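There are two complexes below, and they share chain A, which is joined by chain B in the first and by chain C in the second.
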Partner chain A sequence: MIYILEKKKLDQTLQDWSSKYEVIAPQFVDGVLQFHPVHPNSELALNESINTRYPPKSLFLPQSEVMLRYNPKSNQLEDVKVLPEERIILGIRPCDAYAVTLLDTVFITEENSDPYWLARRSSTIIVGLGCNNPHSTCFCTTVGNGPFNHEGMDALMTEMDDVYFIEPFSDKGDALFSGLPIASEEEQLKVKRHQTQVTESMTIAFETENLKQTLDNLFDTDFWGKISESCLGCGVCTFLCPTCFCFDIVDEVQRNERVRNWDTCMFRIYSQEASGHNPRPTRAERTRQRLMHKYSYLPDQIGKIGCTGCGRCVRYCPVGLDIRAMLRAASDFESEVIHAG
Partner chain B sequence: MSEIKAKLRSEIERLLKDRFVDVFIAFKKADAPLRPQPAFFRNTNELDDLEYNGLCQNNLANYLTRYPKDTKIGIVVRGCESRSVNALVVEKQHPRENLYMIGIPCQGIVDIRKIFNRVGEEVANYSEFQDEVSVVFKGEQIKFPRKEVLHDSCLRCVHPNPINPDILLGDPVPEGDPSIVRQSVESFQALDKEKRYALFRQEAERCIRCYACREACPMCYCTECFVDHATPRWTETSISPAGTQAWHLIRAFHMAGRCTSCGACERACPMDIKLTYLTDKLNEDMLATYQFEAGMDDTTQPPFASFNLDDKNRFVV
Partner chain C sequence: MPDNGHNPYEPTPMHIIRAYFESNDNSLKTFELTFDDHKDCEAFFNKYNPGQFCQLSIFGKGEAPFGIASAAWEGDFVRFTVQKLGSFTKHIHTFKAGDPIGMRGPLGNGFPLKDWKGKNLVIIGGGCAFSTLYALTKHVHHPENRLDFDQLVVIYGARTSGLCMYKHDIQSWYQREDIEIHQAIDVPEEGWSHHVGYVPDVVKEVAPSPMNAVAVVCGPPIMTKYTLPTLVDLGFAPEDIFISLEKRMKCGIGKCGRCNIGSKYICKDGPVFSLAELQALPADI
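Now for the complex of A and B:
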């Protein structure tokens, strides 16, 4: 089933939603494209070929989250509960929606689930937007995803001419759009053709078939030092990454708060031990960790690559490091150095 | 290949061939579009990758502190980079005799985000000729006067010519006009207290604590930054107002008398946060109070790092 939402009716739809939901959509805020709550005067930026700069993982795993407060008057600890409004995230791209499902495997497990993550997940409807013009830094099809994949979405919008064709993939998604006219068979075919055409136009950035094995083989080589020579060791790639989830829990004592902050394996102190020993002493080991976590360890643990090809790390690396080139170099290094003997 | 790049290449070739340097730090062609990368040349056969153009946005002096002090390092420097190198030599981060600086008078670094903002992010095929830069967007060539797309720090640059290089390639360019820096400092100062604080909050509180500004800065070479210190914790590390404001203020103050206004911090910031309005003000204070500009030679200690036994302020000693 595919519904039709005329673009000119989007405003009305948003208004209808706003009585029941908080709607969050990409907008330029301070010149930076990011997800932001929609207000009556908001200008949505749904037509950008580029993804939001700040990743929407923050809508489920905020960069800083207060987990408990100490009340000095009563000398008690107070739990901080997450009671999010029912909300709709509109215009999330397939790479980012898929990323949320990868993070589910971290925060929702049989033994233990994260209450903050769960609360936000269950109160959120995700309406995605397919990518008509993938950016040159995008490589979703390389990592088993695609510009019209709907994993993680309740509904997927495909923009064509002056309408959004909407495919629901859950009851929640269906309920949102069920009042809309239904596309004819011919139109549905047209949508599918368009999706296939865009998907096939994307080139494969690197081979993934033997990649895990390649990286494992390179573990103890100087490959990592070579590719990380210009790395600054900042947190841009990991903080903007939609699948990086590492965090650090700190006590902000002046505010009597215990806070969970994003952390990154690219920082020296991430792996610094209390003794002073650091098992990942240089940028080489840290770069190895970043790449291998996504392309070796997660495939081991969940059978999926931990990268969705969104391209943010490529676009915003201050020294122009490109993960695609790094992974191509890994295969080259393996065949030149290891196999050559 | 541009004339200056050809000259640079043959000079690096000579240095590497004669084993005059162990490593030469320059830029190489981009993997990602329009992003030349810092590169570390050790053999002449790697030099086909050499790049030198207005998109080379990093301050290469940043990498000096990564090498043992007996490494013979060659480095290509523009005005600000040469001053950063000098400032690092003053701070004893690498001995001058183990450095070989190839200076190139600078026409300013092109701020790729200004081009993105004007034509869109899917631009390709950057080229530059004299005072003009051009890119291709959706098959169409678009030209800009270079001045219109220079990084803000470069528009305010006072010393575009390398200071104290071992060799200078290309003709010197006119020095910048100090009154332009003063204008931007004064326009910030002219705001009333509330507005200044509002602007500071507006910038600082967008920070995502990725520390790209710190890591991109040649002068931020501390093994342990104050924000990373665990016992005691000097600041909040959350993205709270207190945490982000403390980071921005203290970072700026640590730059007093050391910043060369290269703007690498701003270019590295993924959130487009302004940082130089603080350091430019500090730089101006250093100039007005101590007649000191960082990195103008490789011997003078920055005022806040020097002391002598005759200091008129007795509390110093």
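Now for the complex of A and C:
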């Protein structure tokens, strides 16, 4: 079933939601496209072909988050409120919604679920927005995803002309739109055709079929040194990555808080041990960790590639390093050095 | 979504009941911790398996992982031996009996004791990494547990006699008939009557039989690097050699990302791996 929401009625819908939910959607704030709470005068930016600079993972795993608050005299813990209210995130792109499901496999497990992640996940409804104009840096179809993939969404909006066609994928998603008119069979076909057309217009950026094996074969080679020569080690590729989840835990003494902050495998100190030993002493090993985590280790652990093709690491690398080129080079390097040798 | 209401990042309130230096240079200090709440004690010992570790937590200073050095039957306490090395361990060395401290754990898999039933155990340790092997040996020493295993050989090396840990207890092992103990120091010292030399050489010299045996190795990287091939030369299969690993850690529950070797997390899937498992992983250590 597909609902029809006329664009001119979006404002009214947002207003209706706002009585029950906090609504968060992409907007230009300080000149940067980002997820931001929607207020009566907010101007949503749902038509951009470029995705938000920060991925919406920050709405579930904030860049800095208080885990525990303690009384330094008594050593007792004080309550930390995790989440204020039920919320709707509107306009998440398929790459980012899918990324949230990949992170679920890390944070929600039988043995130890992360209560902070879990609280935010359970109180959030995700209404995604398909991509009519994928950007040149996007490569979602290469990694098994797509511009209208709905994994991780409670509902998917497809914009066509002056309406949003809305496909619900959960009861919560359905409840948000259930009063709206339903698309005719012809309209539904039109939507599907459009989705297929856009999906097929995207080119494949690199081969993924034997990629894991290729990277595993390259583990002990100088391939990693070669591709990371110009890397500055700034970590922006990981901080802005929707599937990177590494964090550090530190005590903020002046605030009496134990805090977790985003961390990155691209920093030396990330794996530096107290003895002085570091298993990843140079950018070569750290680049290897970043790429192999997504294209070898996660496939091992959950059977899925840990990259959703959002293209942020390509767009924001200050020296123009491109993960797509790196992975194409991996296959070339393997045929030249390993198989030829 | 599974939610048992438990916050795995929240340290269990503990306090120190005994704290004493373990080495003559005061670089190693042992702490015995007990539980403020008996319910936590029960929960801990329901899960505890030798070879596991805990995150010790001091609010304002942070957390760091340490191997557990005591066996469950020793009493309602948990023992750790801490080497003074970084800022956290420097601070913890100032702690004394009565001081409160936080603890998260037991974490990790521990030794696969069920699979080792009926086997000979060859326990090989070097330096302060011997702590979890001490817990293993103490576990096996309990009369009920002793029946689960056949012969017990312990090889333990330290740089100097002054750095040998758990001295008085280990001295008493020489009187037992159910354990063969070999201690070694790196260079000769006056009054030292045991082995002199590096652990891999002592292993070669003692030459424990691989027949119906498993070998457990824990020590500094250089020691394990040379001990593992020595064991293979002696005829131990990679499936029968076990090693306990360490890496920088934060969460201890497989979420913060940093302690992976390939697709395995040392904190969650380890810290104990068989050599066969390790050989299947990339050399990211």
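Just so we're on the same page, the second predicted complex is superposed on the first by the 333 of 341 C-alpha atoms of A that agree within 3 Å, B and C clash if a C-alpha of one lies under 4 Å from a C-alpha of the other, contacts with A are read in each partner's own complex, and residues count from 1 in each chain.
The rule is simple: a contact is a pair of C-beta atoms (placed from the backbone, for glycine too) under 8 Å apart; a residue touches a chain by one contact, two chains touch by 3 or more.
Here the structure is a predicted model, which means the values were calculated and not measured.
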Superposition on chain A - do chain B and chain C clash or fit: fit
A:D114 touches, of chain B and chain C: first, second, both or neither? second
First, second, both or neither for A:T203, with chain B first and chain C second: neither
Touching partner for A:R324 - first (chain B), second (chain C), both, neither: first
Touching partner for A:V250 - first (chain B), second (chain C), both, neither: both
Contacts of A:S178 with chain B and chain C, given as first, second, both or neither: neither
Apex chain A: angle to the C-alpha centres of chain B and chain C, given in degrees as a multiple of 10: 90
Contacts of A:S335 with chain B and chain C, given as first, second, both or neither: neither
Touching partner for A:C234 - first (chain B), second (chain C), both, neither: first
First, second, both or neither for A:V314, with chain B first and chain C second: first
Nearest-approach distance, in Å, of chain C Cα atoms to those of chain B in the combined model: 5
Those residues of chain A which chain B touches in one complex and chain C touches in the other: 248, 250, 253
Residues on chain C engaged by chain A in the complex (per definition of touch): 1-4, 6-10, 13, 59-64, 85-86, 89, 100, 102, 221, 246-248, 250-251, 253-258, 260, 262-263, 268, 282-285
Residue numbers on chain A that touch chain C, as the complex places them: 67-68, 70, 72, 75, 77, 106-115, 118, 121-122, 216, 219-220, 245-251, 253, 256, 258, 260, 263, 265, 270-275, 277, 279-280, 285, 289, 292-293, 296-298, 300-301
Residue numbers on chain A that touch chain B, as the complex places them: 30-32, 49-50, 53-54, 63-64, 133, 135-137, 229-230, 232-236, 239-240, 248, 250, 252-255, 259, 261-262, 264, 267-269, 314-322, 324-325
Interfacial residue positions of chain B with respect to chain A in the complex: 30-33, 35-40, 57-58, 62-63, 117, 120-122, 124, 202, 206, 208-212, 214-216, 224, 228, 230, 233, 236-240, 242-243, 267-268, 270-272
